[in-house]
Amino acid sequence: MSALLEIDNVTKRFGGLCAISNCHVRVESGHTHGIIGPNGAGKTTLFNLITGIYKPTEGDIRFRSESIAGLRPGRIALKGIGRTFQNIRLLNNQSVLDNVRIAYDSQLHYSPVEAMLRLPRLGRDEKQSIGESLELLKPFGLADHAHGLASELPYGSQRKLEIARALALKPDLLLLDEPAAGMNTGETADLTEFLRWVKEHFKVTLVLIEHHMHLVMNLCDRITVLDFGQPIADGTPEEIRANPRVIAAYLGGTGDED
Amino acid sequence: MLDDVLYLAQQTINALQQGSIYALIALGYTMVYGVLTMINFAHGDLFMLGAFACMLLAGVLTPVLVVFPPLLSFIVILLLVMIIIGVLGASIERVAYRPLRNAPRVSAIITALGCGLLIQSLTLVIFPYSKSMPSLFTNTTFQLFKMPNPDAEGASVTLTITALQIVIICVSLILMVALDFLIRKTRYGMAMRAISFDSRTVPLMGIPVDRIISMTFLIGAGLGGAAGMLYALAYPVIAPSMGILVGWKAFIAAVVGGIGNIRGAVLGGFILGAVEVLAVVVFDSSYRDLISYSLLLLILIFKPYGLLGQAPNQKV
Amino acid sequence: MSAFLSQLARNRWILPALVVIGFAIAILAHYQPIFSGYTQIILITIGINIILCVSLNLVNGYMGEFSVGHAGFMSLGAYTSAVFTTKWLPDIPMLFPVAVIFGGVMAAIIGFLLALLSFKTRGDYLAIITLAFLMIVKSSWENISYVGGPAGLLGVDKYTTLPWTFFWVVVTMFVIRNLVYSKFGRAIIAIREDEIAANAMGVRVREAKILAFVVSSFFGGVAGALYSHLNFINPKYFDIMKSTEILVMVYLGGISSLGGSILGAVVFTFLFYQLENLGLGYWRMVILSSLLILLMLFRPRGIMGMKELAWFLPKLELKERRQS
Amino acid sequence: MPQKNGRAWSPVRTGYVTMDGVVRGEKLGGEVSKVDASFKLRANVPEGRKRFSINQSLLPRRNSLSTKAIPMKNLPILLGVLVLMALAGCGKSSEPSVKIGLNTELTGEMPAVGASSQNAAKLFVDQLNAAGGVKVGEITLPINLVIGDNGAKADQAAAVAQRLITQDEVVAMIGPNASVCAIPASDIAEAAKCVMISPWSTNPKTTLDPNTGKPKDYVFRACFTDTFQAQVLAKFTLNNLKAKTAAVLYDSSSEAPNAQAALFKETFEKDGGQIVSFETYTNGDKDFSAQLTKIKSTNPDMIFLPAYYNDVPLMAQQARSLGITAQFVGSDAWSSPEIIKLGGAAIEGSYFCNHYSTQIATPIAQKFMADYKAKYGQEPDDVAALTYDAFGLLVEAITDAGNLDRQAIRDALAKIPKYDGITGTMQFQPGSGDPIKSAVILQIKDGEFVWVANAQP
């Protein structure tokens, strides 16, 4: 059976520099796939390529074995790929609830005309969306703050809200960009458990960029290591631990600090 | 044949004159934008004030300056005008824009609109009627070329350029080159570019942001004032409302060139001047605005961030 | 006092009541001389300006673009509708709304084209595109002799009455309010806040942009149609100063606030005429612009920027807010 | 090498900085910005910032849907201001008087026109009131002049007309002067069945109903029309100036110049002349070199410049500096003395058509000029003279009517047999608001308007 997501020989150049070169990654459906590597290795660029923010210079990206390379970001999101951002991108001046509702809106089907005349169907849909959004917020412990501003949440909760928001899309694939950034060891451990729960409960395939080796090693079924925009290793956590090139890449130092 | 060449040459001179003035004003817009990413809508009216300042100064100083050669007195007045308008521009920034630096950018823009209206209406209160601009030096007309007109006997085709046109084009070119040098080579210019690159971290590096911004307004407005003075000399009937149209046109020029980009503003200014003249030359003059603005629109459609401005690359 | 007012602000029945009363007064005033013709003109102008503000607010406030072309849409509506009433439609007052709608549609079509441009660029670059659009429209009118060229279109019947104006104001408010508090409105706001995030949240960005531009320009056109049947139209009127005027009203009242737009339109228009009455000459503009600057300095987001009268909130939203 | 390791192994660093940042950030906010900034540096925000400067700039700070919203404390103040303004608006005097409205261009594009008009109006009213006032039937009432500024804008002119007629309830309205204002204002006056006399609007459309093409009933003017002016100019240029070819340069976006240019072209060509180039510009332009260069290449004998006093000097100067030697000819829009101040040598020797000349003044005109000069220290231009005449006509009509009924005044005005005004004798054609009167041709010589010829209708 073919993988849920296939990154097939993708290259991305920004003018001169080559952020990603001939990158192959296969993400099996139901897996948790970790992407690690030193800073500037092109991990986030890879996410931006998958979600359509950048268009690959060469190569193809297939989701459920249909090509999504070059589609508009909105389209790709609607195909069932949710993501979070490295430096959090919430709608800061909207309420926590609205942040989730906007993502949920893609499942409401009323037309502009119905909206402008505020016909009954809109009322039903909106009630439902509010209800489900609040439901969704509960497990993230955000239900009580539902009506506060997103920007007023503490840092950790903002990261959670981003995940909740991504899940409101009902995605099959969830891309997490450094979900544990800025968390201490304790928080990271909680996050690990939480992500497991999310994976079970929402039946999503996870791909995560992370620096916390502990989390990655515990959580991931497969790991891809990027260095200089190229996958230098791919395998189970054990294999990666043992892989000499990986160790070289990290300890040898790339000197590249972007 | 040759008369057509002369005709086009003449139109080119006209285009250069208009273009150089647009370019000078556009510089003011683009500098402020580069540093604050803010459109200083009061700029057009500072330009207008430049004209009036020149008129008043000329009135006051002519008895003093008669002893000097006209060109010298011209330069003196030019510098004075630039200083006055520059200081004015900087103080407007200090009073009206700085308090809003952390407010939504639009409120700064609207405040700028308000300042423009205020300047204009105050000037109107003082000078309700159009004023005539005294000429600072005898504007001799040079006939570069003269030949009998093949179409109409007895008449002649000439290529004329006035001393004024030469002065205008030269002065504005000098100012542009000077500015370009200032921006690229001096510490101030470097600081300015740094701020426009990232105003958040620049203060951490010990660059006095406020002072640089004031400087920017000083220079930008000064150039606007100079443009106003040249404009007033070229079109010696000045009215408080003259800033609106020219201001907007110059702004368009700045954007077409790629706003925030000094050379782009110059380019845009000359393009606008050329397009406007070209529209008249090629088509019926009543279609001038239609043609010229459609052309500019096309440019913006195909190069949405202007000719020299590059698309701000998105970092996610 | 303030407690009472906020009670007032939350009462769901006041707005409908006001609408009904307003209608009654408008119709009465149309048949009985309870207002002088001058007062009527001012009231109608206020109405037209409210329509302009609310519709521009959709693009400049909620979507956070900076369009300076609204006078262009206004002129499109004005000329189209006027051509319909004077040349193409039979001379029946009851056909006036048809002409108005045609005017709006015409403006909406062009608005759609501008929306397409807004995919490529945004912010100040889009502002300039709208400005160029304005200039092009204006000088087109000056060159089309069929609509009177620079002289303007003469002999347009004065169909715009107080009741009609009021009717269209209510329609505009109703439609735009509903739009803003629907998923489309949320999408539009999301675009303002962070287009990239909006994309990642599955917001159909292009759809939202088109919708915002089309609706905004449609009502811009409607306002123009009303204006053209109140006063005679001439291309000069729809220039950059007119756009500036609308911008000032919008930001004076406050962005992304329907109540703000109403307030802005009322205050500005009222001052504008009242200061003329006082025979202040050029001081009028001095006063208006100083007021604008001061307001911006002390309330950078306008009189009620980013805030909304509870009256305009749909029940559903209101209930949600109440819980917090 | 441990340091390098530490540097390259960024997890360590990320963990440290942000943990620190977060812990501090949540406790004491002061630190955040610093940590944040360094954080940003790492996350390389500059481009990010630039990219989003537009969005961020427009970001609201508060929830756009919050309802505690409405700023209760400001509302009462605001309302108070509005009420005050309203009261200030309606401080009306109520002693018996004849209310006459003046709707003129005090601000905007042509303040000189408005000023002259206002001066003449005040002069007339002061003189008449000093003499007791206007005789209405048995009683004599003072005139109460109500002045409205139309800003030289069509919509404002209409609004002011509405105000004067419906709010101030004047018996009749004088003005507006500019055609762009007079035309919309005349619609209002006609609809309200109130007499309007435009002193200076020469545009035929002013007194004609656009739909029927018939003359309006309540709209009159104290000046000749552009049709007549065009004939006069065409004859003069062809016969007296011996011009064969003419060029026209006019503001295609303004009403009066537009009509004058078209009519001149029509008559000039009808009478055997040839228009070699017909160039336009847009209101607000200051540079005409492109058009003039074009005109120069067609080498006309004369250039017709139907522009207002503040544009003409620029055209003349630019034309001369391009080496154009053709004769300039203008319309009555030139008549303000400002044109001499502004134009200087360039317009010296040009001809234009006007309503009257100070040099062939009748005794009453002499007196008017003397009084005007005494009061305002300058020669009255034709706007002033025409405004004075408009008032004269109106007052005569009121006296004839013997009451202040608008309809009666209108009928009396239409029936005035022959009125001797400053600008010559005038009489309204039956069923039309256009007077039959003569025009003069003036030349600008040594900084003065010099009389050249009279043109009888």
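For clarity, chains are labelled A, B, C and D in written order, and residue numbers in each chain start from 1.
Here is the rule we go by: a residue touches a chain if its C-beta (ideal position, glycine included) is under 8 Å from a C-beta of that chain, and two chains touch if they have at least 3 such contacts.
Computed from a prediction, not measured in an experiment: that's the story for all the values here.
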Chain with minimal offset from the mean of all protein Cα atoms: C
Most distant chain from chain B by Cα centroid: A
Which of A-C and B-D has more C-beta pairs touching across its chains: B-D
Rounded Å distance between chain A and chain B, as computed from the means of their C-alpha atoms: 49
Rounded Å distance between chain A and chain C, as computed from the means of their C-alpha atoms: 41
Chain A and chain D: spacing of chain centres that average the CA atoms, whole Å: 63
Chain centre separation in whole Å, for chain D relative to chain B (CA means): 28
Multi-partner residues of chain C (at least 2 other chains): 124, 139, 142, 189, 193-194, 196, 255, 281-282, 284, 301, 306, 321
Chain B: positions in contact with at least two other chains: 104, 106, 124, 128, 244-245, 286, 288-289, 313-314, 316
Junction residues of chain A - those touching two or more other chains: 53, 85-86, 89, 92-95, 98
Parts of chain C lying in touch with chain A, wherever the complex brings them together: 175, 178-179, 182-187, 189-190, 193-194, 196-206, 211, 215, 306, 314, 316, 320-321, 323-324
Chain C - residues contacting chain D, complex: 1-2, 5-6, 9-10, 36-39, 41-42, 45, 62, 64, 122-124, 139, 142, 149-152, 154-155, 158, 181, 189, 192-195, 231-232, 234-237, 255-257, 259, 263, 267, 270-271, 273-279, 281-282, 284, 301, 303-310, 313, 317-318, 321
Residues of chain D defined as touching chain C within the complex: 52-55, 58-76, 78, 82, 85-86, 88-89, 106-107, 147-149, 151, 153-156, 158-160, 162-163, 165-167, 180, 183-184, 187-188, 191-192, 205, 209-211, 252-255, 258-259, 282-283
Chain C partner contacts - residues on chain B that touch it in the complex: 33, 39, 96, 99-100, 103-104, 106-111, 113-118, 120-122, 124-125, 128, 244-245, 248, 251-252, 255-256, 259, 286-290, 293-294, 296-297, 300-301, 304-306, 314, 316
Touching residues (chain side chain D, partner chain B) in the complex: 37, 40-41, 44-51, 53-54, 56-61, 107, 109, 111-112, 115, 252, 279-282, 284-287, 289-291, 293-294, 297-299, 309-311, 313-314, 317, 321-323, 338, 341-342, 344
